[in-house]
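Note that the chains are named A, B, C, D, E and F in the order they appear, and that numbering of residues resets to 1 at the start of each chain.
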Amino acid sequence: MSEFTHVDEFGHATMVDVSEKSITQRVAKARATVKTRPDVIDAISSGRLPKGDVLAVARVAGIMAAKKTHELIPLCHPLPIEQIEVNFNIKEDEIELQTNVKSSAKTGVEMEALTAAAVTALTIYDMCKSTDREMSITNIRVIEKDGGKSGHYIFKEENP
Amino acid sequence: MSEFTHVDEFGHATMVDVSEKSITQRVAKARATVKTRPDVIDAISSGRLPKGDVLAVARVAGIMAAKKTHELIPLCHPLPIEQIEVNFNIKEDEIELQTNVKSSAKTGVEMEALTAAAVTALTIYDMCKSTDREMSITNIRVIEKDGGKSGHYIFKEENP
Amino acid sequence: MSEFTHVDEFGHATMVDVSEKSITQRVAKARATVKTRPDVIDAISSGRLPKGDVLAVARVAGIMAAKKTHELIPLCHPLPIEQIEVNFNIKEDEIELQTNVKSSAKTGVEMEALTAAAVTALTIYDMCKSTDREMSITNIRVIEKDGGKSGHYIFKEENP
Amino acid sequence: MSEFTHVDEFGHATMVDVSEKSITQRVAKARATVKTRPDVIDAISSGRLPKGDVLAVARVAGIMAAKKTHELIPLCHPLPIEQIEVNFNIKEDEIELQTNVKSSAKTGVEMEALTAAAVTALTIYDMCKSTDREMSITNIRVIEKDGGKSGHYIFKEENP
Amino acid sequence: MSEFTHVDEFGHATMVDVSEKSITQRVAKARATVKTRPDVIDAISSGRLPKGDVLAVARVAGIMAAKKTHELIPLCHPLPIEQIEVNFNIKEDEIELQTNVKSSAKTGVEMEALTAAAVTALTIYDMCKSTDREMSITNIRVIEKDGGKSGHYIFKEENP
Amino acid sequence: MSEFTHVDEFGHATMVDVSEKSITQRVAKARATVKTRPDVIDAISSGRLPKGDVLAVARVAGIMAAKKTHELIPLCHPLPIEQIEVNFNIKEDEIELQTNVKSSAKTGVEMEALTAAAVTALTIYDMCKSTDREMSITNIRVIEKDGGKSGHYIFKEENP
């Protein structure tokens, strides 16, 4: 039973007690992909929209969401976030985005990186949904983490 | 240019002006899938965890997140949400979840349904990540919407 | 099973679907009592503290908390609150407080009135706890409600 | 005048200046009781509701509320909360609940423990109010605290 | 005494009771000015920064802040905001900004327009403060409002 | 380009990475002025309103807003705020207010002091706007800061 760290001995949800852990520099990187049509990508990235505006709004949304992670995910600890970056890789019919979060904390920042990735993607969806109703968001996952007992860890590629 | 309803005539982001629209009954349904290992599914659904607790926490998180949609997605309007449901379909190595949101409003509730789906999935991830570091969240999308000018709409299946 | 309106047919928590209800004028009044020592009451109400400041802060906290009810209580609907009042009845060794909330809504505002009462009481506790560590908060309950199908209802006195 | 630590020399409310205090391990435990009818207790705990669901939702609400304490109680400091636990003691006609909060901080976590207790109780109320309109919440109080200058402290029983 | 609509008969703060008012289309426009140096204006608007990025972030911040008005200003009612626009007028050594808010509501949206203006200005300040420590924000005021009993109103120019 | 610390090498907004900075005691003081008519000042400060109530509500609003700074200003870091003070200087036709914020942090608290000042001023505006529609808020600026690399800094007077 005890492998699930958010569940106490009676099976009830609880926050992990991190009071005895030491503070280390934490880093986590996450990804998400927004799938859409090539003409929507064109409109976002180069032509009919001023450069970067959809992405600028989505980036701000992702950064602000990372700071709200502990309000959204019930068992997350509030952490003193020290940096949040959101970057985009524009492809033919999808936007891949990557987030990077740092904190000096007793627990990791994977959830902050994932929350930033999810909300950045949702914001792109919101701003383009009138043009493409069939968009979807896929492949939200952690790609790298560092800090704490487990040290540096590179995650497997989903689609090698 | 004008097809992007969140971007004004100078290309700057703005909320869509819904003041002239009429209030209709809005419904939106969305999906998300959490991919993990069969042994994690087993632990969640039937054996070493009291029935439903991970899912109970995730469901509450999804419901609460839907109510925060306009705080997370910058250009969303605050809406008087009238119902939020989150249901799960447990498969061998993944959990598929579906959200259902209703509101009597001047604009649709797709973003509320999607936000609930994303945060429900992130919460499952958070509660199981100590057991499976390689989880991912995929296929977040709207599957059905109703209300407003465009009426009832069933979305295409992603993988027919 | 069905008498519990927040629990769906499979026993899982869900918001009550209020989409088919009609909007009526809703009112709810709630009470709470903070129990402390007479010398603390003296300090708050008349002597060593400027008149009303502890109560002024507590009143603001209660009003602001009522507006956050749907963020705190997972299955509450967001409601367009139209008035919140917080009043105090200072007794020898306790402060009784009453809240009054109004909304034109599809569901009642008992939880808003109760949340305002609880947070007003907690704020009094916070501001006086360095003086009296043994304070307690009791008797939080609804005393009157109006609106909706059940109409006007006066609650029983707890201690007749 | 100076015994009220949240009031400055002119009687105006202010946060306590904790900048000169040192960080120590803080613990606080609080209680609350929800009074209802035996048949409601039966429905919650053993029969017509799947085991633990009302309590599961209430527990999540309490945990999330503890993290919002500084947003609800005006003069509370934001603290790096390290653990929040909510446990229930089901009696014949009431549910007694206990919260336990830890933080490494310059000030105590009594308000976090009390806020968690109050919101857990309010959530139980919300989920059962359609069945029992006459519920009440009583006896919200701190039962134990540790950390800081005053050290370990066990509070008096209210009803010995 | 009664001319102060947020203060009850005993002088205590309270929300205005708007329950008897009728819903009308509300509009409010507000302004704010950020004063800085010409070289900072240059960097923001045309040269060393990609066009619009500081302003894009500030615009998003203003829009999101308008939706939080009732959480920031204690006696404001939560309103169903239907549009928020933020526009900039770049001058030699200052940025003048204007907000425009619409809602169908029982009370006006001046505070929403002012809050959007203030937070947009604060965000510009934040993003430029490492370059110019002596910036200031001035002349935050309502310039036009419409809706409700008082109808259309054009405010006086501050500096005729 | 690099002088703008919130903009990354490609011109996109990002949080400043403070992970390598050391924690020092930070202080910032800010000001704002609410301009109104002498009769409104009279009503607020001495006659028809109980002493201090408008200012008491505004002070609480400012204190609570400082704690929300990182939720309002997109690129601000969440900081462990240790003190917030709000004081008023009542003049013939304006209220000048000063805020004072402390934190032990890796970055400064100017934005917290400014946000507290802006929201305190907005709250005064809200509570008096039914009496004076032509109020304005001016001269929001930092007046002093301490901590971090740049040490103690006294800002220039705007109107010497």
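Basically, a residue touches a chain if its C-beta (ideal position, glycine included) is under 8 Å from a C-beta of that chain, and two chains touch if they have at least 3 such contacts.
Everything quoted here is computed from the prediction, not taken from an experiment.
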Same-residue or different-residue interface between subunit C and subunit F, half as cut-off: same
Maximum centroid distance from subunit C, chain identifier (CA atoms): A
Higher-contact pair (C-beta pairs counted), B-D versus C-E: C-E
Fitted rotation between subunit D and its twin subunit E in degrees, CA, nearest 5: 180
From subunit B, the most remote chain by mean C-alpha position: F
Computed distance of Cα centres, subunit F from subunit E, in Å: 16
Rounded Å distance between subunit B and subunit E, as computed from the means of their C-alpha atoms: 31
Contacts with two or more other chains, residues of subunit E listed in rising order: 12-13, 50, 52-53, 56-57, 60-61, 64, 68, 71, 74-75, 78, 80
Touching pairs - complete list by chain label: A-B, A-D, A-E, A-F, B-C, B-D, B-E, C-D, C-E, C-F, D-F, E-F
Residues of subunit F that touch subunit E when the two form their complex: 1, 3-7, 10-13, 43, 48-50, 53-54, 56-57, 60-61, 64-65, 68, 71-76, 110-111, 114-115, 118-119, 121-123, 125-131, 133-142, 153, 155-156, 158
Subunit E - residues contacting subunit B, complex: 25, 52, 55-56, 59-60, 63-64, 67-68, 78, 80-87, 102-104
Complex interface listing, subunit E residues touching subunit C: 8, 12-19, 70-71, 74-75, 77-80, 106
Residue ranges of subunit A in contact with subunit E within the complex: 50-53, 56-57, 60-61, 64
